[in-house]
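Heads up, there are several structures right after this.
In the two assemblies presented below, chain A is common to both, partnered first by chain B and then by chain C.
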Partner chain A sequence: MNAPSSEPSSAHPPEPSATPSPEPSATPPSALELRGITAGYERGAPVLREVSLTVGAGEAVGLLGPSGCGKSTLARVAALLHRPYAGTVLLDGEPARGWRHRAPRAQRTSVGVVFQQPRLAADPRLTLAALIAEPLRATGRKDEAGERTAELAESVGLGGELLTRRPHEVSDGQLQRACVARALVLGPRLLICDEMTAMLDASTTAALVAVVEEYRARSGAALLAVGHDRTLLERWCDRTVEHAAVQAPTTGKDATGTDATAAATGTDAGAQVGGAPVRSGRRAPADTSAG
Partner chain B sequence: MTATATPLGGRPSARTLRARASVGLVAAVLVTVVLVPLLFPLDEQAVDMANKLQAPSLTHPFGTDDVGRDVLLRCVYGLRVSLLVGVVAALAATFIGTAVGAAAGAAGGRTDRLVMRVVDVFSSVPHLLLGIFIVAMFRPGVWPVVISVGLTHWLSTARIVRAEVLSLRSRPFIDAAVSGGASRWRVGVRHLLPGVLPQAGLAAVLMVPHAIWHESALSFLGLGLPTHKASLGNMIQDARGTLLAGDWWPTLFPGLFIIVPTLAIAGLAGVWRERINPRRRSELML
Partner chain C sequence: MSEQNAESEQDAVSEQDAGSEKDAVSEKGAARAGALLSVRELSVRFRMRGGREIAAVTDASFDLAPGECLALVGESGCGKSVLASALLGLLPGNARTSGSALLHGTGLDLLAADEATLARTVRGRRIGLVPQSPAGHLTAVRTVRSQLAETVRELTGLRGQELAAATRQAAERAAFPADHLDRYPHQLSGGLAQRAATALALVGDAPLLLADEPTTGLDRDLVDRTVDELRGHTRDGRGLLIITHDLRAAERVADRVAVMYAGRIVELSAAAPFFGEPGPRHPYARGLLEALPERAFTPVPGMPPELGDLPEGCAFAPRCVRASEECATVPALTGGLACHHPVPAQDVAADSERDRHRDLDRHREQDRHHEGSRA
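And now, the complex of A and B:
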């Protein structure tokens, strides 16, 4: 998996993007807006310092950064799963009204999350079918479960017999497919993929990205894809942002507007991702600090 | 439920033998306490002074006690009561411990710290002392003993369950459930509780011997079951005086009836523990 990319990322010069967003800009509120988020697990040493980031309605934003820089924490804050020390999260223009269980259910479920490690993100006691249907059951929509599960399982490419297996009986790729289906089952307005493909091979990566893109094309949902694979994110997303650029400098100086000035390296966007082979050359030279 | 594989062609390993012995003994004990009372009814009030303190013989394999009652039959009845009390009390203790531990672990933060300090306070008082205090509030009987054991033995289970819940709680699949709209209750019941049940079940089995010992100790002190009832603790208490006269059988056999079945149950729990998680063998000591 660590084979150096045959095509360094410098082959994708940051050209000014003329990306057509699926929806016209300005009028609808941003799907996600983070303002001055400071978060972490120890008050004295926050992982994130005054991060500001905006994902427009229907927009796909890639967040790039080396391992351990706080990308996942940022994703958890955006999904209302982790309470930041300071800052505001707006989802569809509405400020977050709580964190974890205290967040209103409608707001919590408007964000779908795909986690990095499917092994850890799947309850080992549930079958894949139950795993996919769990959000429906949890929100009292049990009667739709059978139909929706079958539908989604097919779209992520999970066959009938696989659905009766438990997580330890399937591969990482198959499990991540189920996790993607679970994230989509409630029809979220925003999808957060936290290193969704980091543990997967190229063909599964391509398939899952295609599933996500197909869902977005149908529903107009926005996407925040977090990762350190520059090649993948630049191909997948409308624009990519460096983690370092959305965060305040260590001195704690003013960080407003960093998002706008961030390396908005919009490349050939969503158009080609649909079914095209997505190259998963890991760790382009520019990203060697990834560790 | 026969245990682990035998080494190729050789004799069964010590572990296998222990497993087989435990399973066999527990099965034998269960059959005995179910069948014998059906075949040989026991008149708890009957005395037979003509045959008092007879040494073991063919008619009375375990001899007779100081009022001429058959020791073997009373042992079986006593074991039955002890097992019943042990199992029910262990279940009660496990239920309380699981509920408290899961609640503390799931709530976290201040609630967790407060609850666990209460657990520490209760743990610092000897079980038996607390148990005596509780039975002393009621008339002698089976239920006060069950309550006494249940209320004093949940602490270790609460600790085990809390630790498991804490480790489960931080896993991403709980995040995924929260993000999928699950309520606190649903996260607890659907995702956390099933994860701790194997540990809680094991704790329950390990608790049965403790509960039996506790019951016997209370009965021995005259605080457990009513004194005329056949209970292993009562029997040893009754026969204490005759021991010095050289009549060993009325104390020895009830003692064996306490020790052997409880060790067998503990052995069974050991087998189960190894199956749940071989690497944690040493952590959950009896």
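And now, the complex of A and C:
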């Protein structure tokens, strides 16, 4: 429905002062541009090194990588939820000036995020209806809540009585549906889906992807879908990129990341795949990388 | 409750013609000869406050042979994990079970056995559990070596040097690297934590392995490797029951597939015809496969029903394009299929298109057919 608070930022001509845009001049600015992002949780041992990635206006990009390669960290940086050590994040051509609560509201609300684990991303005290409406409440648009919630709940397939339940009373799939609705409630210009469907069965996966695509078709929003399921992301997105390919080559041994899933044990084949360009190898269905 | 009426009216369905594979199991009959595990009409009910009842599993029947891998697939919340917990006697106090689950070689009915028997002779010894979330299954404040050694000691009685050697061997069997034994669970990647949990499950040399969503959250390479490794343990005659919502993992390793919907097994088939030609015959199973991104990528419309508030009759009927009045009664599982209007085996390929536009004539014709077979 009506334009969200992201509108001012997208209406602005891009004025990223000294940064020459790679786009041809007249085209709209990229929805998301990451330049030389280095980020992590421990100084000296960054999870990401000089990552650069562009998501064009209205484009759907799939970012592929094995568990623990840092792609979730990248998603958090792009969503302004994690401050990088170095590098620039541009949203709709505008450089990000703050992270988390310090991010300007117009920028913060122009990005919608769906996380992998809906249980960890949902306040257990809220009903699903309140959960979906929470971003409206937080941005002082409570009065729109009733109408928007009903509309979005219907589009993600959540019916009447379900909306009065709390997270512990619904399944993972139902909760993730609510989380998708919550991500869409402010009408974001960019959606970031971090392993949105990793916990879900095939049917719910297809249903949620359809919801996201329907929203994008209506709003022209861009998408960064992060995941490890090549078949899914190739079917879903306009193009896919390997996490290994967007990162500057590391020197020497893999850094021991502190990301819980990473654990950087080195011997894990999953972790090793991250370093090597194994595009063709991973495509083969019978490939069994010896661990 | 609904168990009885489920039984009564169902014998009418006899239209299991083409496509039933040679191993179409006689679900209602006696245990298959040589089966490792024979589950018959297993039902689980949870009593809730206010007299409500949740029908988590209803009349599940299947056999598992030595060396066989059976995959139990279905949407989240369809009762798969409850079934696994029932077999291990790990259900909460408000659960009530009925039916039987005979463990071959012991004459033991898992559902009737008391806690002491299950704890001393079954868990770890006759049934090894590979858990859903290995990181949560392991004790966070102890190293892998310490946990593994404890399990080895309890199950074998070894001490000292022998215990240390057996612990290393136990790790090796699950391909857990010896130089990681002194790590704590949080220092392990998802794949290694999975192997540590598998190592624990293998210590007792149990003839039956039960893997409950062993690959949730792992990436595709790790999923493939994890299920391959689990499958590898069936070579020496172990049976593997793998519970998963990951259809591709099931396709990779399973000999047979059981599809569960709203607490019932709706299709039980050999894996090759299920995933290949002619494909699943239950409309739900077909819908689930068609939802895969490498296939049609279209969801099954609607959502699964609440297990506390199941519709009368076939629980899938409200979402099913093939449903008719007949679906107001629950179809029995006959010849590996529980459906009044299964997809005919011969025109499965052409059918997905047709399914989208409800074909009423066809339904009427099928109804007539059923009327005929009933008379």
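Note that the second predicted complex is superposed on the first by the 225 of 291 C-alpha atoms of A that agree within 3 Å, B and C clash if a C-alpha of one lies under 4 Å from a C-alpha of the other, contacts with A are read in each partner's own complex, and residues count from 1 in each chain.
Throughout what follows, contacts are C-beta pairs under 8 Å (C-beta built on N, C-alpha and C of every residue); 3 or more make two chains touch, one makes a residue touch a chain.
It should be emphasised that the depicted structure is a prediction, and the values quoted were computed from it without experimental measurement.
By the touch criterion defined above, A:215 reaches neither chain B nor chain C. When the two structures are aligned on the shared chain, A:81 is found in touch with chain B, with no touch to chain C. Contact with chain C, but none with chain B, is seen for A:206 once the two complexes are overlaid on the shared chain.
When the two complexes are overlaid on their common chain A, residue A:173 makes contact with chain C while staying clear of chain B. A simple residue count on chain A separates chain B from chain C, and the partner touching more is C. Of the two partner chains placed by superposition, only chain C is touched by A:230; chain B is not. Residue overlap on chain A between the chain B contacts of one complex and the chain C contacts of the other covers 116. The residues of chain A lying in touch with chain B in their complex are 76, 79-81, 100-101, 105, 108-109, 111-113, 115-117, 120-125, 134-135, 138-139, 179, 182, 185-186. The residues of chain A lying in touch with chain C in their complex are 66-68, 116, 157, 171-174, 198-207, 209-210, 228-232, 234-236, 260-265, 267-271, 273, 282, 287-289, 291.
Of all the residues in chain B, the ones that touch chain A in their complex are 171-173, 175-184, 186-187, 190-191, 194-195. By the touch criterion stated above, chain C contacts chain A in their complex at residues 74-77, 175, 177, 179-180, 183, 186-192, 216-222, 224-225, 228, 245, 247, 287-289, 291-294, 297-300, 302-304.
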